[in-house]
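In structure tokens below, several structures.
The two complexes that follow have chain A in common; it is paired with chain B in the first and with chain C in the second.
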Partner chain A sequence: MAPAQDVIHNIGYRNYAGARLGRAYARRALFSQSLRGAYGLGRSAKSKVLPMTLFGVMCVPAAIMVAVTVTAKLSKLPLEYTRYAIVLQAVIGLFLAAQAPQSVSRDLRFKTIPLYFSRPIERVDYVVAKFAAMASALFVLTATPLLILYVGALLAKLDFAAQTKGFAQGLVSVVLLSFLFAGLGLVVAALTPRRGFGVAGVIALLMISYGAVSTLQAIALDRDTTDAIAWFGLFSPVTVVDGVQTAFLSATSAFPGHHGPSTGQGVVYLAVLLALIAGSYGLLMRRYRKAGL
Partner chain B sequence: MYHPTVARLTYRGLLGRRRALVLFALPALLLVISAVLRVFVGADDDTARNVLGGFALATMVPLIGVVAGTGAIGPEIDDGSVVYLLAKPVKRHTVILTKLIVAIGVTVALSAIPTLIAGYLLNGNSQQIAVAYAAAAAIASVAYSAIFLLLGTVTRHAVVAGLVYALVWESLFGSLIAGARTLSVQQWALALAQRIGADGAVTAEVGLPVALTLLVAVTVGATWFAGHKLRTLSIAGEE
Partner chain C sequence: MIATESLSKRFPRVTALDRLSVDIAPGVTGLVGANGAGKSTLIKILLGLSPATEGRAAVLGLDVATEGAAIREKVGYMPEHDCLPPDVSATEFVVHMARMSGLPVTAARERTADTLRHVGLYEERYRPMGGYSTGMKQRVKLAQALVHDPQLVLLDEPTNGLDPVGRDEMLGLIRRVHTDFGISVLVTSHLLGELERTCDHVVVIDGGKLLRSSSTDEFTQVTGSLAVEVTDSEAYPDGTAALGGALAAAGLIVQPMGRAAEFAAAGSGHVLLVDVTGDDTYDTVRDAVTDLGLGLVRMEQRRHRIAEVFQTPGSAQERGSSDAA
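After this line comes the complex of A and B, so read on.
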């Protein structure tokens, strides 16, 4: 074909004529990239060390419990399914603190946010993809040890119906925990482009609220004002999850003296939990209204 | 050994804009809790010990130490702007020492002073509990600042590493293995508190001479090593 008359130099640029994969594809890609990134997959070996170590630390106690159950022929698991994540909350907190800023802070710092939004995705796609990826990463972290426990319990020939029920309750509780933690972690991490401050912010939110709540609960137990214990629990993410599963998922409360919330209080706990998840989604949407600035 | 410009930049980096929020939120929470407890529970030595020992010294001081200690140098190394500082004719040890002084100042101001006020709020310094815990918080701040400043020069994951030390080592191993308690900044600080407080008001696992020796050794050692690391620092790209 002869070059067009009005072209001085034709150096062979061509338009893209292939298929346009569209918004849904971009959203899925962002989701899978963020989920893989949370475990360091597709990133350098150095950035795999921390998430994989924490994942291992999360699973090892479950494996040990299974081994103990099988060899000592116990009639039930040493730890309830619903209790597992509460006992290992420090590991979950560290994972979230390390990986939530990794997921969002660097996009802010290197100003890649405007590049995302020059693609067919919208603000809601970015927020939903990051939220879902972080929640899924936390779910993998918290549900895998439960699966180990469940398989181990079945191998040890424990009661099938009871174990399945406990496992299902545990799964519901870690789903709630994953969404709650992911939301809170991302909100804090998205505030700052500095990863270090994001890490400190997330851990401060989790540990300080937990430290304050358990100190207050311990004092309330000392003073025999046991009604107050359940109400204090509303002020820390872990204790909110604990309260919900105590009220609705027949878990034993980790509160001092096992003074968990009653069913009535449990409704308040559930409302607070859902409000926190919805609120963190709303805050993230607000945060990215002026993205990259 | 002290460089005012470096100090000013570090101070601005630590307390500039939103970063101060994390640092100010913790002492504010401690004071609110203390005030609420005083109103609803009244003055009580056990409550004061629970709050000051369990919350202030065990949770708040290490966290502020992590944020201030790593925040004094970590972000600069992380975003590479530390090269502009290192290119100036200032000794690396001077840089570290200046940053350490700022970090200590911030940590002491934000942990020891609120602890003292909280102690007075909780029980009016009966049995010297307020002064004892405030002194412990101050001396722990010095050691934590030095340790976490060193971590900031050693690893990019300084905050996480610092938290692992503060949470896993001091709380978990400290409660499981008796020997680990000897190697815990918290216990060294408690040894000082034990000396200041009335008899039996505060209990520590370590004797005072050992504690002070270890504190000084760790602080000096960490500071020197941090200066050494800064002399041989290689600026790596973002992983």
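After this line comes the complex of A and C, so read on.
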């Protein structure tokens, strides 16, 4: 040490006698850090640009719809609450593709994981915190425009009961969507320490599956095998959510010819959706079993 | 501080630890072993992150098998590898790690500022860590292990990648962690010599077995060997052998230095290792070289390497002994 610095050193070491809040606190801290990180908060200005832009892009159509509804005195909103996220799925997909790798790949790439696991926090805490944070980030992204629509609808003096019901159904739908997307996105992102591969992987998963399912559904519609349309929907994350909300949340299906699943098929959809969420969690737990020291 | 009892860890194809029994008292303890000797495996077990195949271990009186979480709250760990994200500042990073240890936000900030200052990071702590030198990175890694004021820190190869000055500073810092901060230290290295100066006690393991556990004083008593390299001359085509013979005749213990990797790399098996018995050893060597008319290429004091512990005749008897420093 240089002599000039000795003055500072002479203050001496102080022991810490304060509170140690343990695992649950660490888990909450990791959750809030990850959630803030998903929007670039607490990070550099550069990393705020993309998530904030996408957040804006999600909200602007809702604001325009509200403006149109209020000025044109429409009797209902131009778009159902449950349809909003489906229409803007590309934006949600981009957000997930950008932020899921940011959340998990960095810790893998820079080998920060062992520092977590050498502390009271455990594997399950890490996975739960990261999963919940990503799902919450997506929920904020998807629920905020719904809130704008709802407030706008009330300002436009639309029917309170109908709007509240629609808003509630929309919220349930985006909760399911948030958990499903968060799980799938994190699993793909955690496979690789390379952020770029994570981004590409998430986009590929969402876009390719959706493209394939839409194509098959279009062909099925063309051949009048409308029963198959609903079954095909099980093979892409967005259409799974669409199917569940069509069956249970009185949404209008975005499937070709509006041939959404029946209630019976809806049960299968719901089972698949929950299985995907649970499966994502299981895969993440598995992934981090070996990622310790 | 740390006590293990016939601790074993077997992987399908390797035995990483083989019935290791060792008692480590408070203070600075060096854990020496070659790469793959089981040092990192031992640390993992001590942190309660990897179950032992058999045997028991306790850290700070807590059982590693059942009280891992409690241990990890009171222990700090500095890994061997890089673990710092380049795009955040040291302050942000250490604050986050302090919170992961359970410190409330304000305490985490205070402790971070204190700890970074103690390890010698000042203004640069606000800059992204990607631009740090290896020495600064090692300091941040040490700071994150100390930030929650543990009772014990496990430092895995803290001097790795440092230049000699950085190495000395890091070793001095490690010493201060115990003397000034009152935190016990377990530090691993594959260089016995550098631990001699820092540690009160040194534990040597090899192939997962305890080779030796003794206080540093005992090590320094047997310290002192001299590496001598000479040229060949026309009278003595093999100058090294000639000198070896002459020194042996003068009553010194001489070994050819085939094994040590750093000399082999220098391209010569022409180095003799002479045990230093006193100041007159140097004179004897000098005289022997001049008498033979050889050119003296180098004569340097060597630090101990693990290889020598193998050669020490007393090591077998000391196996398992664990007298505190």
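The rule is short, and it goes like this: the second predicted complex is superposed on the first by the 276 of 293 C-alpha atoms of A that agree within 3 Å, B and C clash if a C-alpha of one lies under 4 Å from a C-alpha of the other, contacts with A are read in each partner's own complex, and residues count from 1 in each chain.
Keep in mind that, in the parts below, contacts are C-beta pairs under 8 Å (C-beta built on N, C-alpha and C of every residue); 3 or more make two chains touch, one makes a residue touch a chain.
Keep in mind that what you see is a predicted model, and the values were worked out from it rather than measured.
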**OP:** Could you say whether A:G257 touches chain B, chain C, both of them, or neither, answering first, second, both or neither?
**Re:** neither
**OP:** Applying the touch criterion given at the start, work out whether A:G56 contacts chain B, chain C, both or neither, answering first, second, both or neither.
**Re:** neither
**OP:** Would you sort A:S44 into first (chain B), second (chain C), both or neither based on which partner it touches?
**Re:** both
Original post:
What is the contact status of A:I121 with respect to chain B (first) and chain C (second): first, second, both, or neither?
Top reply: second
Original post:
Just chain B (first), just chain C (second), both, or neither: which does A:T112 touch?
Top reply: second
**OP:** Quick one: classify A:I219 as touching chain B (first), chain C (second), both or neither.
**Re:** first
Subject >> Footprint overlap on chain A, comparing chain B with chain C >> reply: 43-44, 106, 110
Original post:
Which of the residues in chain A end up touching chain B in this complex?
Top reply: 43-44, 46-47, 50, 90, 94, 97-98, 106, 109-110, 191-192, 194-197, 199-201, 203-204, 207-208, 211-212, 214-216, 218-219, 222-223
Original post:
What residues on chain A touch chain C, complex-wise?
Top reply: 1, 5, 8-9, 12-16, 18-23, 25-26, 29-30, 33, 42-44, 106-107, 110-112, 114-122, 292-293
Subject >> Footprint of chain A on chain B - complex, ascending >> reply: 18-19, 22, 25-26, 29, 33, 37, 41, 46-47, 50-51, 54-55, 58-60, 63, 66-67, 70-71, 74-75, 78-79, 157-160, 163-164, 167-168, 172, 238-239
Subject >> In the complex, chain C residues that touch chain A >> reply: 40, 43-44, 47, 49-50, 69, 72-73, 75-77, 79, 81-88, 92, 96-97, 99-104, 107, 111, 114, 117-118, 120, 122, 144, 148-149, 169, 172, 180-182
